[in-house]
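Down below are the structures I want you to see.
Shared between the two complexes below is chain A, which has chain B as its partner in the first and chain C in the second.
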Partner chain A sequence: METILNVLFSGVFHASTLFLVAAGLQVVFGVQKVFNLACGTFYALGAYFGITVVKLLVDHGFPKPLFIAPLIAAGLLLGLIVGPVIERGLMKFVYDRDETFQLLLTFGIVMMLEDVIKFIWGTSPQSMGGIDLMYGQLNVLGATVPVYNLIVILCSLIIAGLIGYLLLNTKFGRIIRATADNREMSEALGINMKVVYIKVFTLGTVLGTLGGALVIPAGAAVSEMGVELIVLAFAVVVIGGLGSMKGAFIGALVVGVLKSIAISTYPELEMLTVYIIVIAVLVIKPEGLFGGSRV
Partner chain B sequence: MEKTRREFVKLVGGAAVGAGMLLAGRGKAGAQAKPVKGVPSEPVMIGAMPGLSGVIAVPGTAAWRTTQMWVEEVNAAGGILGRKIELSMEEETTAKDCVERFRKLTLEKKCDVIVGLMSTGNGLAVGPLAEELGQLWLAWDATTQKGVEETMPKTKFSFKSTDNEAEAIGGAILTAKFFPNIKTVVGINNDYSYGRDCWDAYQAVLKNFNPNVKFVDALWPKLGETDFTSHIAALKRANADLIMTSFWSGDVPILMKQATAAGLFKRSKACFTTGGGAHYTLKKEFTPEGIILGYNSFYFRWTDTWPLLKKFVNAYYTKYKEYPVYECDHAYFVLQAYKEAVEKCYQILGRWPTKEEIGKVLSGIQVPSLSGFRGYREDNIMSCNFFMGLTSHKNPYDFVTISEMEVLTPVQIMKPFASAKLYDWIKGWKS
Partner chain C sequence: MENALGITRLKNLGLPLVIIVGLLLLGLPLFAGQFLSYLMLTFFAYAITVIGFNLLFGYTGLLSFGHALFMTVGAYTAAFLTSSFSLPYMELILVVAVIVSTLLAALIGAICVRYIKIYFAMLTLAFGMLFYTFLLKFYYMTGGDEGMRVLRPFLLGIDFSETPKMQFLAGSYYFYAFVILAILTFVMWKIVSSPFGLCLKAIRDNPEKAEYLGVSVKKYRWYAFVISAAYAAVGGALLAPAVGQVDPGLTYWTQSGTLVFMSLLGGFEHFFGPMIGGIVYILLQDKVMSLTSYWRFIFGAILTFVVIAAPGGIAGVVSSLTKRRARGG
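This part shows the complex of A and B:
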């Protein structure tokens, strides 16, 4: 039981960060039809920025146990700044161009932002020390789970709930869904596409930066961390269905838990297991588990 | 004869101009080295190939910084035999790119020597090319056992780094020493040649000392993995007495942190054979005392009695606000060895030596480096001490250092010559 719970908790923890990045990928693709490779790098940026903000505040006497509040604020703020800048500065030029241009541009952004990270924070790993350890551990039926990991899982669930609410119960959500379904019709009905695109891209960016900021107290930031995650986010998207938020949620859970089980049982097959599922989905249900339902 | 006023003014003026010219000349001589007979006047070109991105960015940046510091210092002292040094840098990326860049440094930039490279895949591609081009290449790392045995058994121009499994061998020796009663071991190593070779070597050596030890599981996260929560669940399931890892870069603090958060070290002891590669990231808050930690071949607190080390650590910290890692001494040593080999050749030949002549002197050379005397064996493999010990919080820093430091000599942890078979050599030990 202890082993099963350990494996399950670690899988869900991994899934919770994967979900945030994959959700950012999905929302941008769903509306703007751009496969944003840079969402993993936004995650890395959020991690570095979160460390800087929390360290700065703690050094100036901010109470350590409350670090999660400025951490979330840092992730949000960064996304709100970076998102519109990249959307207006770069993305808008490729919306009507071939997908290859879009991929190349977002790949270029990955490379540029990695260099920005190295320029600002250097190449050494950055961490917040043991700040997350102050929350201690929880014993769940014999399994020892770091409380901070549970907080991250909870935050991801809340974010997933908020996104669901935003998409289903708000005017902006209806506009997003309408645009995802039929851009021309939405535009004909008077929706300002420029504003929608800025907002949607910013939402995707915020999900990435917030994910990075949230997870970093439990690890350390390295410049290539975004690239590592984006590869798995692809698997999530394929399994869940491109453009589907529900798919991102389920896909992340499948990948996270499956990876965790594989590592505990057949570690040599860690990635093989994930990609067997990816291939199976591509063969049996190419649109993904929730591919029919857009955003 | 009495001088006229006009003649006196001319004399004094001339003397003043002459003295001024002399002083100016002296000043100039201080800034520029005196020409040495038989030595070309143009600068020595040193090519450097550091890895500045991805997982090798931490040691690569450290090595590149050290290279620049060394060049600044040597240039300030007059260069090599009066020749100033110029650096030409090409980044280490993929094997294909490294081959092209190595060729460029040799043929276009006309480099006298090329230093650098850390990935074995890149080293194995560049080594044969160095031999073909007749270009001196002094590696920082990039030379695991199997690759070297198969691809570069004998070289004239390629000078290889230490056997990469040395720290795993040292880790196993210290495991047997510090934790003689352990019965089970689980490994977590990166899924590439270095990680696999280290795990194999560690098992072979520990079995030599402790035949009853069982290796219960082995985990193989990808190089560059940044979340080990699932691996930690698997390590818990293995429930072993000791966890062995050869992580050496940004993954070290992540594993340490997540393992501590999950309470892994309450049950298991640990051996981080190469964790000192990112030692300043191992904060006391999440790194327990009593873990075996290897610093590879350079420990910044090795001794107070080696002025070279003290001076370098101070200069490095002042400049970069970080404490240096092992790759610094790989970088320092190869440059110092090159310089001394050139100077030795000059003493014999009375002219600037050819690359082949420098290579001959480099084989078997010993020079003072940051971690004591280092050298190249006759088979062109670097030979140096390794530093390991148990993590300790008793220091003025916010990160751990080591107590009960062991200086492991090449005789203990490196097979005696390149063509020797590693596992035959280990089997031949008397434990």
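This part shows the complex of A and C:
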């Protein structure tokens, strides 16, 4: 029972960050129709930047237990800078092109950002030295769960709620959904596509950097984390359905929990099961579990 | 009219140019250093892979993001046959590699060609990564992330184990690989200029119309998929003995991205484009890597530049320049 709960909790923990990155992927795909391979690299950037900011603050006497506040701020800030820069500097040139070119452009961005990370932070793994453990552990029905992991899950749920609110109850959300549904029509109605695209791409970037910043106290940042994560996020959106937020949520849970079940029972099958499910979904229901429902 | 003239001129220029470049490459080990010859040897392997890849990408309009899978099948075939089964005959390796990858591609292709565009790219990516995890996790068979050693193969039944390594690679093996590249290039040229190749182009440009005209779109896409996989397997099988080592990284999704990169860089709309891309990629990579360890940044920048400013690649730029000159003079 305890082990099942432990496995479940670690799965949900993985799922919570996976959801953030996948949500970023979804919103960009839904509106701009670009499958952004760089989402995973944004996640890696967020992780490294988060470590640097928190370390710097702690060295200058910042109260350790409050580290989560600057961490979130770091993730947000980085995304708010990187997003518009990449959108205005590169992405805006390829919206009219074939999706092959859009995909390849994001691949080029991945290559560049990977080396930017290596240039700034080097190739050795970086971590916060177990700062997450200072929140202690909680006993839930016999299973021991780090409190920090619960905080991350909670943050992720709050963000999911906020995204839901943003999409369904605000003007910007209506514009996003309208654009995802019919770009020409929205443009004809007087919506400024340029602004929408900047905002949407930035939202996607922020979700990635925030996800990276949140997860990193519980782990270590390594240079391959971006390209590894994008494949997982890819699995999430395929299982959930491209462009669907609900799909990202369910897909992240499926992939996260499945992964942690496989690791604890038969590690050889870890990613194998994920890919087999991805292929099965693509073959049986290529629109995904929640495909068709927009953003 | 002028345009048509320009194209004929290019064509007249084309064949002698191909022969000259071919002869230069053939004679390279005689006048260039061993290292350059070795680089060109790896180019031959990639060239075979990308001309196969481009049958799918440039001619049929399907972007595979998992094509490194079939290259890896070829490479691991070489590893298994030389190290595990002690059957180091290059001809056997090539035949087995083609058979295995053809069977695998027939299966995977049958699933993938039901989709196009982004779904095709994603499905192929998923299969590539599935194979990657398979190689990684079943280490008792495949050596896991350490991979496997590839021993020196016999060429035409001749044992070269006494020859020093670089002399073998920049000598007999170089010519061997060159001949295979030449044959396969010729075969591919025949394929794309045959009615079959024209059907593929029709499918790329307008699948509905092609279907109306009686072309079985899915079947033709499937053929293209299988042929391109067989080419990739030959490329991988030739690459493995040159590197001497295979590991699962060969089939990681970024490796498939490299194949797309080469095709795009050279220009996927031209028959020789992907090869030009391959040669430029390999020479440039060697140069840039010797200057900085951040070569990926530079290559990423090149890729973004090509995508944004020169989507026709090198061949596209060159041919538009020659056309302009033909029009001007």
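Just so we're on the same page, the second predicted complex is superposed on the first by the 295 of 295 C-alpha atoms of A that agree within 3 Å, B and C clash if a C-alpha of one lies under 4 Å from a C-alpha of the other, contacts with A are read in each partner's own complex, and residues count from 1 in each chain.
Criterion: a contact is a pair of C-beta atoms (placed from the backbone, for glycine too) under 8 Å apart; a residue touches a chain by one contact, two chains touch by 3 or more.
Small disclaimer: the values here were computed from a predicted structure and weren't measured.
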item: Overlay on chain A: chain C relative to chain B, clash or fit; value: clash
item: Which superposed partner A:286 touches (first chain B, second chain C, both, neither); value: second
item: Chain B versus chain C as contact partner of A:271, first or second or both or neither; value: both
item: Touching partner for A:93 - first (chain B), second (chain C), both, neither; value: second
item: Touched partner set for A:254, first chain B, second chain C, both or neither; value: neither
item: Partner chain(s) touched by A:103 [first = chain B, second = chain C, both, neither]; value: second
item: Contacts of A:167 with chain B and chain C, given as first, second, both or neither; value: neither
item: Partner chain in contact with A:54 - chain B first, chain C second, else both or neither; value: neither
item: Contacts of A:124 with chain B and chain C, given as first, second, both or neither; value: first
item: Touching partner for A:114 - first (chain B), second (chain C), both, neither; value: both
item: Location of chain C clashes with chain B - one stretch out of 242-250, 278-286 or 314-322; value: 242-250
item: Chain C-contacting residues of chain A that also contact chain B; value: 114, 118, 227, 267-268, 270-271
item: Touch list for chain A against partner chain C, complex; value: 35, 90, 93-94, 97, 99-101, 103-105, 107-116, 118-119, 227, 231, 234-235, 238, 242, 267-272, 275-276, 278-279, 282-283, 286
item: Chain A partner contacts - residues on chain C that touch it in the complex; value: 63, 65, 111, 114-115, 117-119, 121-123, 125-127, 129-130, 133-134, 137-138, 252-254, 257, 260-261, 264, 293-297, 299-304, 307-308, 311
item: Of all residues in chain B, those that touch chain A in their complex; value: 52-55, 57-58, 60-61, 217-222, 224-227, 229-234, 236-237, 249-254, 257-258, 260-263, 278, 280-281, 283, 285-286, 322, 398
item: Residues on chain A engaged by chain B in the complex (per definition of touch); value: 2-3, 6-7, 9-11, 13-14, 17, 114, 118, 122-125, 127, 129-133, 137, 144-146, 148-149, 215, 218-220, 222-225, 227-229, 256, 259-260, 263-264, 267-268, 270-271
